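Scroll down for the structure; my scribbles are underneath it.
Order of writing sets the labels: A, B, C, D and E. Residues in every chain begin at 1.
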Amino acid sequence: MAEILSGNFPLVAAIVLMGIGLYILIFRRNLIKIVMGIAILSSSVNLFLVTLGYRTGGIAPIYTEAPEGPMVLPVVQALVLTNIVIAVATSALILSLVIRIYRHTGSLDSKKSRRMKG
Amino acid sequence: MSKIVRTVANQLMLFVLVFGLYVIVHGHVTPGGGFQGGAVIASGVVMLIVAFGSGQIKKSLRERRLSVVESSAALLFILVAFIGIGTVFFYNFLVGSRIFGDIPPTGTNPGNIWTGGVIPLMNVAVGLKVMAGLSAAVLALALFSGGEEIE
Amino acid sequence: MRQFFAWLFLVVLMVFLVIGGFKMVHPFGEPPSAMDQYIIDNSQEQAGSNNVVAAVVFDYRGFDTLGEATVLFAAVTGVMFVLRAGGKKEET
Amino acid sequence: MTLIVESGYEFWNPIVWLITFAVVMVIVYFFRKRGEEKYKKGEEQAQIFLCGEEVPAAEQRQVRGGNAYWGFFETLKEYYDGVVRMHTGIVNDYVVWFVAVTAISAIILLIVKLVG
Amino acid sequence: MATLIEHSSILIIAVPLLIAFLTPLIGMASKKARNVVVISSLAFVAFLVFTLARDVILNGIHIYTLGAMSPSLTIPEGIMRPVRIILEVDGVSVFMGIVVAIVSLVAVIYSLSAMKGETGQNKFYTLLLLMVGGTFGMVFTGDLFNLFVFLEITSISGAALIASRTRFADSQEGGFKYIVVSAVASLMVLFAISLLYAQYNLLNIGALAAAMQYTMLDRIALVILISAFAMKLGGVPMHMWLSDTYSVAPASITVLLITTSQASMYALMRMCFILYGVSLDLAVVGWIVIAIGILSMFIGVTMAVRQTDITRLIAYNCVCEAGFMLVGLGVGIAVLGDATVLRTYGTMAINGAIFHMINHALFEGLLFLVAGAIFYRIGTRDINQMGGLGHTMKLTAVFFLLGALASSGLPPFNGFASKILIYESVYQFNPILTIIGILVSIITLAVFVKAFFSAFTGPSLPKYEDVKEVPKTMIAAMTIFAVIIIIFGLFPGLVVDWIVRPATDALVNQASYIDAIRGAMP
């Protein structure tokens, strides 16, 4: 039993978060909630990346008056920093589009905003 | 918002600015950097927008001016990268020179702000850019949902 | 029908990812780190920066940061472009 | 010769094709030239004749694109019903298709690994 | 000149970005100066692309290590793997670079008068340049995370540009769909990248390819990468966003969107051929790609027949043409492991697919530009409302006919040359695929016959009597495409020899890509 359960729980948490994000994107019709779904998906990837770079007993990779111990991996942190900014940018743009759609159709339902189909 | 909120926001903005600038300038020595500091200042601007309303803020903070600041900061950033093209694009040409050129002792040290080569310059550029950009985006969203259209 | 298939595929995908993350990635806290260790060891000397993450962001992977700044620039320009007044001016 | 695209078995040379085309066109022109030359432009001969009735206006005379290939769609009605229902136009469904393709191909690769 | 070539790969990416940052500032001063700067910078970039292409085809892979002591110093001392971001430009990259350079120049020339009446032109050109720079970045980078960043740049600027006609609700909706789909796809790409990073602690494509062990985790990453990029390029059944967005964007932007889709296809090829290479289950992955391709061809063309919106019709045709390329690539992947088979028809299939990529960008681009010209003059995209436009817009009609014939694969145009390469090579792999392909080509012709006759022929309608030919710059843009289509149609052998075959050689030769990274190893 212990053999089966020994594994990488933090990563599982990140992947479950990804599942939640995909769930929202699939089942929620509200456009604002779709934006939230994308934000959650992005956070899950960030969490996954940061978790990958952890070292047991690690400290932040900054030498200024650093305590003893191994440093956690810096590259993933840079990647996450990049991805956070990208997520912010994406959210801002989608929200502005949502506002425009709401002005035009008066609704936030993704079922109602389908002028184009077939 | 009520007068209390407005006054407190007004006073707090100074501290937000100082803290944001600290985070930007010390980006290469302590945790933080251009993005984080710029986001701190931009969140201060958001606080002002919430407290005073977007119409009031618009009088002193035009999004046209903000986008000029943003473009210039982005230009500064890419130009610093371009200067390195004497050797290679993005080459850190200031390490070992007289400007921000000190090399910190290997291992744990108390920190020296006169280090990092082009990193502090880029931090400042990115900080300005993020500050102006995020404020402009939030201001545009706020103004538009308040019924005004952006020029 | 749509609900059923959506759930089915979502669960299948998640099972794959969870098993992959749980069992197949390196154990928590012991990542392979040849590239990162090199950066940790050399960032002070090569980039002159105490903050290793800042060294990665602006020196080793500076081009990513340029891209990231560009993304933000594009998004802000895009927001103002989408929310701009007027659709079409009179042709002059 | 570099002007030719060779596919290993055959080749495609547009220049040869063009020359052939030109030769055929010359022959066609030759035949056409031997035809009658009674057609006169701008006279009654060029007008539309509709059993003596008045010719309808251009708006009604025009064949609209939406009416084209009616029989084709009628024959393939079942196929089109299914395919058009697939294109719902809802953004959530696009994500469902993505997840579905990912899951199915993951299963296929897993089966291949277990079998082979 | 040598210095220029040495730095050309980074200049090609950075100059559009630099000009994009400058454009708002210049635009405030003078509109004319802005237009001149934008066009001249893109012309300069096109010049750089051609010099770089010549260099790469003659001298092999071009390497540029960002931020190192010298551009060729890929691997620093004391470690056996690349640390910095490396731009690695091989035959496929320069091929895509040529496509993007031509198309972006044409798009800007077209938008000069097509966007004349719109507000917010400074931001329009800024976003357009960002999109071009992002596409160049996608095709030139040798680093996975960098690829993701540029993917995001193209999708964000693309979404804003799609929504640029803010007075229409459907364009806003198209932009929304595009950015949601791109965000999901690119985040899943990032997830796959992090799976690879977790195992090998590498982000460089060449170094990862050398270290690749094809574990189960790699398979999951591969699956996610394939489906995410297939979604971005519009493969069935993930193509629905494509018709929604292509149909509502301004024509000059649609042309650029085609190139970003092509860049996604390039990324798919890069992943399958270079990153995984011979280690993956070639037949299975090949057949997955072929299946997506066949579905794209068939569903794309059958949906195109029943459209009444002219841009939507062309958009579905795009899906169909992408299917042809996917089939060619899939055959190439399926036979990649067998050297003799690869030599007999595998490389030919890849040749056909790659040649079709540039042809696709050209003739679909021309068709979209023509559709945009019609919309510019009569203000509708519904073909039921059109009719008799050929009486007044004669040149436009000719251009449409040219694009339609090329797209349907009729000789002697370029579409035929690439399609025959695909047919003949795929026939030896599996005859049924070729039969489906020819059938689809026939229906494509039917699609365009419908569109052409309902839009351009028939009696001239009273309501369109004062419709004039479009402005000169739009005609010029369409002429560039038309001339290139005719040249490629008349001399396909030259094109295949000069740019297509080097691209194929670069794709099937994984070892040289890896060796280029290792080149400066001590």
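As a convention for this text, a contact is a pair of C-beta atoms (placed from the backbone, for glycine too) under 8 Å apart; a residue touches a chain by one contact, two chains touch by 3 or more.
These numbers come from a predicted model, not from an experiment.
Any chain bridging chain A and chain B, meaning touching each of them, is among C, E; the list is complete. Summarising the inter-chain layout, the chain whose CA centre lies farthest from the centre of chain D is B.
Comparing per-chain C-alpha centres with the mean over every protein C-alpha atom, the closest match is chain E.
Counting C-beta pairs in contact across B-E and across A-E shows that the higher total falls to A-E. Spacing of chain C relative to chain E, judged by their CA centroids, is 23 angstrom.
Put simply, the C-alpha centre of chain B and that of chain C have 20 angstrom between them.
One inter-chain figure worth recording: chain A and chain D are separated by 44 Å, centre to centre, where each centre is the mean of the chain's CA atoms. Residues of chain A in contact with at least two other chains: 18, 22, 25-27, 34, 48, 52, 62-64, 75-76, 79, 81-82, 85-86, 88-90, 92-93, 96-97, 99-100, 114-116, 118.
Counting partner chains per residue, chain E has residues 14, 17, 21, 24, 66-67, 145, 149, 152, 156, 159-160, 163, 166, 172, 175-176, 180, 184, 198, 203, 216, 220, 243-244, 303, 306 touching two or more of them. Shown for chain B are the residues in touch with two or more other chains, namely 29-31, 33, 67, 71, 74, 78, 81, 89-90, 92, 104, 107, 109, 111, 130, 134, 137, 140-141, 144. Screening every pair of chains for touch gives A-B, A-C, A-D, A-E, B-C, B-E, C-D, C-E, D-E.
Chain A contributes residues 60, 62-66, 81, 84-85, 88, 92, 95-96, 99 to its touches with chain B in the complex.
Residues of chain A touching chain D in their complex: 22, 25-29, 34, 110-111, 114-118. Those residues of chain D lying in contact with chain C across their complex are 93, 96, 99-100, 102-104, 106-107, 110. Taken in their complex, chain D has these residues touching chain A: 84, 87-92, 95-96, 99.
Within the complex formed with chain E, the residues of chain A that make contact are 18, 25, 31, 34, 38, 41-42, 45, 48-49, 52, 75-76, 79, 82-83, 86, 89-90, 93-94, 97-98, 100-101, 104-105, 113-116, 118.
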